[in-house]
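The letters A, B, C and D name the chains in turn, as written, and every chain counts its residues from 1.
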Amino acid sequence: MPAPESPSVPVKLKRSLREAIAEQVHDGDAIALGLALESGIPFAAVHEIIRQQLIAAWVGNVAGGSGYGFRRAYEQGQPRRIVMEDHSNFSVGLALKAAAMGLPYLPTFTGIGGDIVRGHPRIRPIGDPFGGPDLLAVGALRPDVAIIHVQRADAQGNAHLWGNLGLTVEAAYAARRTIVICEEVVPEAVIRSDPNRTMIPGFLVSAVVEEPGGALPSSVQGYWRRDFEPFLAYHRTSRTLEGLQSWLREWVLDLPDRPAYLQHLGEAALARLRVSDRRPAAEANFAP
Amino acid sequence: MTSRYTRRELMVVAAAREIRDHEVVFVGMRLPLLGFGLAKATHAPDAIGLFENGVIRDRPAEAFIYTMGDPPNIVGAVACLGLVDVMSLLQQGRVDVGFIGGAEVDPLGNLNTTRTSSSGALTRLPGSGGAGDIASLAGRTVLIMEHEPRRFRERVDYVTSPGHFPGRRRGGPATLITTLGVFDLSTRRVRAASLHPGVTPQQVREATGFPVTIEDHTPATAIPTADELAYIRHADPDGFWTGDSMKTG
Amino acid sequence: MPAPESPSVPVKLKRSLREAIAEQVHDGDAIALGLALESGIPFAAVHEIIRQQLIAAWVGNVAGGSGYGFRRAYEQGQPRRIVMEDHSNFSVGLALKAAAMGLPYLPTFTGIGGDIVRGHPRIRPIGDPFGGPDLLAVGALRPDVAIIHVQRADAQGNAHLWGNLGLTVEAAYAARRTIVICEEVVPEAVIRSDPNRTMIPGFLVSAVVEEPGGALPSSVQGYWRRDFEPFLAYHRTSRTLEGLQSWLREWVLDLPDRPAYLQHLGEAALARLRVSDRRPAAEANFAP
Amino acid sequence: MTSRYTRRELMVVAAAREIRDHEVVFVGMRLPLLGFGLAKATHAPDAIGLFENGVIRDRPAEAFIYTMGDPPNIVGAVACLGLVDVMSLLQQGRVDVGFIGGAEVDPLGNLNTTRTSSSGALTRLPGSGGAGDIASLAGRTVLIMEHEPRRFRERVDYVTSPGHFPGRRRGGPATLITTLGVFDLSTRRVRAASLHPGVTPQQVREATGFPVTIEDHTPATAIPTADELAYIRHADPDGFWTGDSMKTG
């Protein structure tokens, strides 16, 4: 029997988020995150990226509520100018889906007649070879890194995600590298007990990190409620650049990591946010 | 107008009336979400609600939600798919009606939620979200707006959500619900269907930067019934969305 | 408060498969079934369609093992000529997916250089507006009816399906009407306990029927093992047209319905095929 | 050749050797499935297997399976997606190697599984299944065939699974494993890499309807080790696929 050429499993499981970000995220990378819209936003990773002084070059879609920091950057170039590629939710979804499907583009009817698609760098007119009306082709968007927060994963990155999905699956398929941040690293048998729950197969995953509460103040179904107050506080404080900077210091720069963030939040807040009741999914029997 | 209901409560009632029974509704947050729940509780018990994050519900969430991704909006959903899945159903034509809002509207029902220079300086707005998709692909759209002169413009600065235009494949704006009245947009002209109680035609004209047809016999918007108000106040107990201090649109 | 205009839920739940087929399947309809490839094939529905003397006009894809009945029809026109539109698994999947997405076609690279796509009625060349290499456009395939066998559904047709999926979801989205056949009709609360398991939302479903064992001899994860012997027996018997006809009489035409089929199969066979052990999926907590 | 292994067991071993460690493999049924399991058990412990029905496994099923949809192939899978999902990963270029078979093959590695008139009358074959997709989209393909003159043709009747052709974007046939030997197709010429023990060059030429390069120093295919045979007989205890009575391809 030939000796195994490479017996060692590549070590995807990282000791810390810091290690995962340092290894997987590089300056100038296009990063896809916040993919489930309002839940499971990997804030711990975002804070780590800010601490590591990296700059995301591209903001694809901003929905819901105007962000003062974003407006200052866009309107006044403060602290620096950002370049915006405007999309609708569907068009950015199709851009990721095209990359996920290994295609240069996907056709769509969305956006026709509006200004988003006019002169758009990623959207062009395309005909229908079967003689129907013209469509738009949305060019593939392949992020360098997708950062995804899930409930549980095994050490190989096979990830169980439930509740809100949004564009999470498309982004993991589309991205060159995917970082899975999970509430719990679980034994392989837990994942294998329900392969239909595996939204991201491990062979697409570059790094796995266990970081409980890493999505706060956004929610994680079955683990964390949404912490509404910080969203309002950030909105108020970020009205001025000084306010934003002081908020950044308090909640990001002066905290070494996520456990320190949770400690700064305080036990009372954590107790209020942590889900302790159970509403289990009805049993699905996989017996063969 | 010093009655026992707020204008936003009246708008929720008007939104609910735009939903027919058995219809598939693309539900937004804020007033349309309440309108969907109210319609389900009254004349449209079999309406189905789609949310752009992938959630499909046939009844409102049991608890108050701030965003459609809040965990109570998942609990009790009939399905929780992905964004592209529900948008695909929308593109297929399986959605009868969708609700959208904006910072600016024009007579063709074009909405701007991207950027404006109306105040002189450039103002960046949040962007499309799903609104541009609903405007493009739903069977018909209902627009919900704060009725202010700077928002009602002859031509919006930027068409985020397309209204009527030549060659439109499907749908288009049907109704515009504002803080002053309900307007029919289905004929590509803006015609008042009803003015809210106490609102005069002159008030509407002054707040509207384009011509609007208001007939002599334009009725008053039907005021909320006690049952309707009871539903709304049960669903929004603190008046977070329907109190007079909350901005719509 | 205005009186409800139409208070009654449309009754999707049918008393029998016969009723569902008679109501939803019409002569000349394009029917999509066998969508999970080898599991969950709605044989009970197929037998009912044969009993009702309907003819499927289109066979899209035949994989695995040559079928003598199919060969006789194709090669010799016996008992009648069938028209074949050849596909690969991916191209027929894309044809359904295009319809599911509300598009006239989807682009792909599969099939280039082969004979399947040459002069194909549903596949045409298409360019890339972003300057990349040419692709093929696979035209949308919209079945009149999709027939799908699932583990459980509520009376509205919201269907939980797990295990093998294949093209099931695409077909239900694409079809004008979908019939859901389930092992068990369950209370709404069971479905709602796990909305991520709902592969088919009820508003896409026209009829729901409870027909335990309706997919035999194919398997249903957690409910029925695959009955291997009938596949071999059919293969042997259908070598001749007479053999096929006698097989049809024994297993389809002379049996009024699926319960009679199960009885004809016999208790010993059913005991061997019925899954009685449990391998439950790991718990997923949906508590908010 | 009266040794203690069958030709099909030898072919499984040859198939396993085509899989490198850490590779993503599009696994078919029959011999390639056994080859994947054998590779995992020996030199490629971290290979990943994709099945066209949507299943992703990092180890073979615990029980014997007849089809990839059999329940034991779901149990213990790392993921169970849809067909379009795994085909999308294939189209993306995430699959290193795929295994396919056919009724006819030609020197460019074109495979026919659709229809043939080679025997005079029209014979309808099962069709592509996923083979055409694997041939089009995998990083490289390994072909597995019964080595008979009527199957090895100068030009196949119908190209179900395209081999080498001008303008190919990616991949193409790398290796052809037959009942007589292992052949290198990567250079667009058919060159024997090894002949199975006891097989003569003349036997191969007589069974091949097109020119094949067989060098004087062409080695014999390495015979299965005891451990390899033990694995195969554990996985296919009744010789359903690897017994001498079972046809490959």
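The definition used in the following text is that contacts are C-beta pairs under 8 Å (C-beta built on N, C-alpha and C of every residue); 3 or more make two chains touch, one makes a residue touch a chain.
These numbers were taken from a predicted model, which means no experiment stands behind them.
Visitor: Give me the chains shared as neighbours by chain B and chain D.
Guide: A, C
Visitor: Touching both chain A and chain D: give me those chains, sorted by label.
Guide: Joint contacts, listed by label: C.
Visitor: Of the pairs A-B and B-C, which shows more C-beta pairs in contact?
Guide: Answer to which pair has more contacts is A-B.
Visitor: For chain C and chain D, what's the span in angstrom between their mean Cα positions?
Guide: 29
Visitor: Between chain B and chain C, tell me the centre distance in angstrom, where each centre is the average of that chain's C-alpha atoms.
Guide: Once rounded, the distance between the two centres reads 39 Å.
Visitor: As a quick test, compute the distance in whole Å between the mean CA positions of chain A and chain C.
Guide: 35
Visitor: Of all the residues in chain D, which ones touch at least 2 other chains?
Guide: In chain D, residues 55, 70-71, 74-75, 80-81, 90-91, 137 touch at least two other chains, as defined above.
Visitor: Would you give the residues of chain C that are in contact with at least 2 other chains, written as numbers and ranges?
Guide: 102-103, 108-109, 162-163, 165, 191, 196, 221-222, 225, 275, 279, 286-288
Visitor: Chain contact graph: line, ring, star, complete or other?
Guide: Chain contacts: none of line, ring, star or complete; other.
Visitor: According to the definition already given, which pairs of chains are in contact?
Guide: Result for touching pairs of chains: A-B, A-C, A-D, B-C, C-D.
Visitor: Under the definition above, what is the set of chain A residues touching chain D in their complex?
Guide: Residues of chain A touching chain D: 1-7, 9-10, 99-103, 156, 158, 173, 191-192, 195-196, 198, 201-204, 286-288.
Visitor: In the complex of these two chains, what residues of chain D are touching chain A?
Guide: Chain D residues touching chain A: 20-22, 24, 42-46, 48, 55-56, 58, 63, 70-72, 74-81, 85, 88-94, 137, 225, 227-228.
Visitor: Could you pull out which chain C residues touch chain A in their complex?
Guide: Going by the criterion above, the answer is residues 102-109, 124-126, 128-130, 132, 135, 137, 139, 151, 160, 162-163, 165, 186, 190-191, 193-194, 196-197, 221-223, 225, 275, 277-288.
Visitor: Enumerate the contact residues on chain A facing chain B in the complex.
Guide: Interface residues on chain A, with respect to chain B: 36-39, 61-67, 70-71, 74-75, 86-91, 93-94, 97, 108-116, 133, 162-170, 218-219, 221-222, 225-226, 228, 275, 279.
Visitor: Along chain B, where are the residues that touch chain A in the complex?
Guide: Touching chain A from chain B are residues 29, 52-55, 66-71, 74-75, 80-84, 87, 90-91, 110, 114, 121-133, 135-137, 158-162, 165, 167-169.
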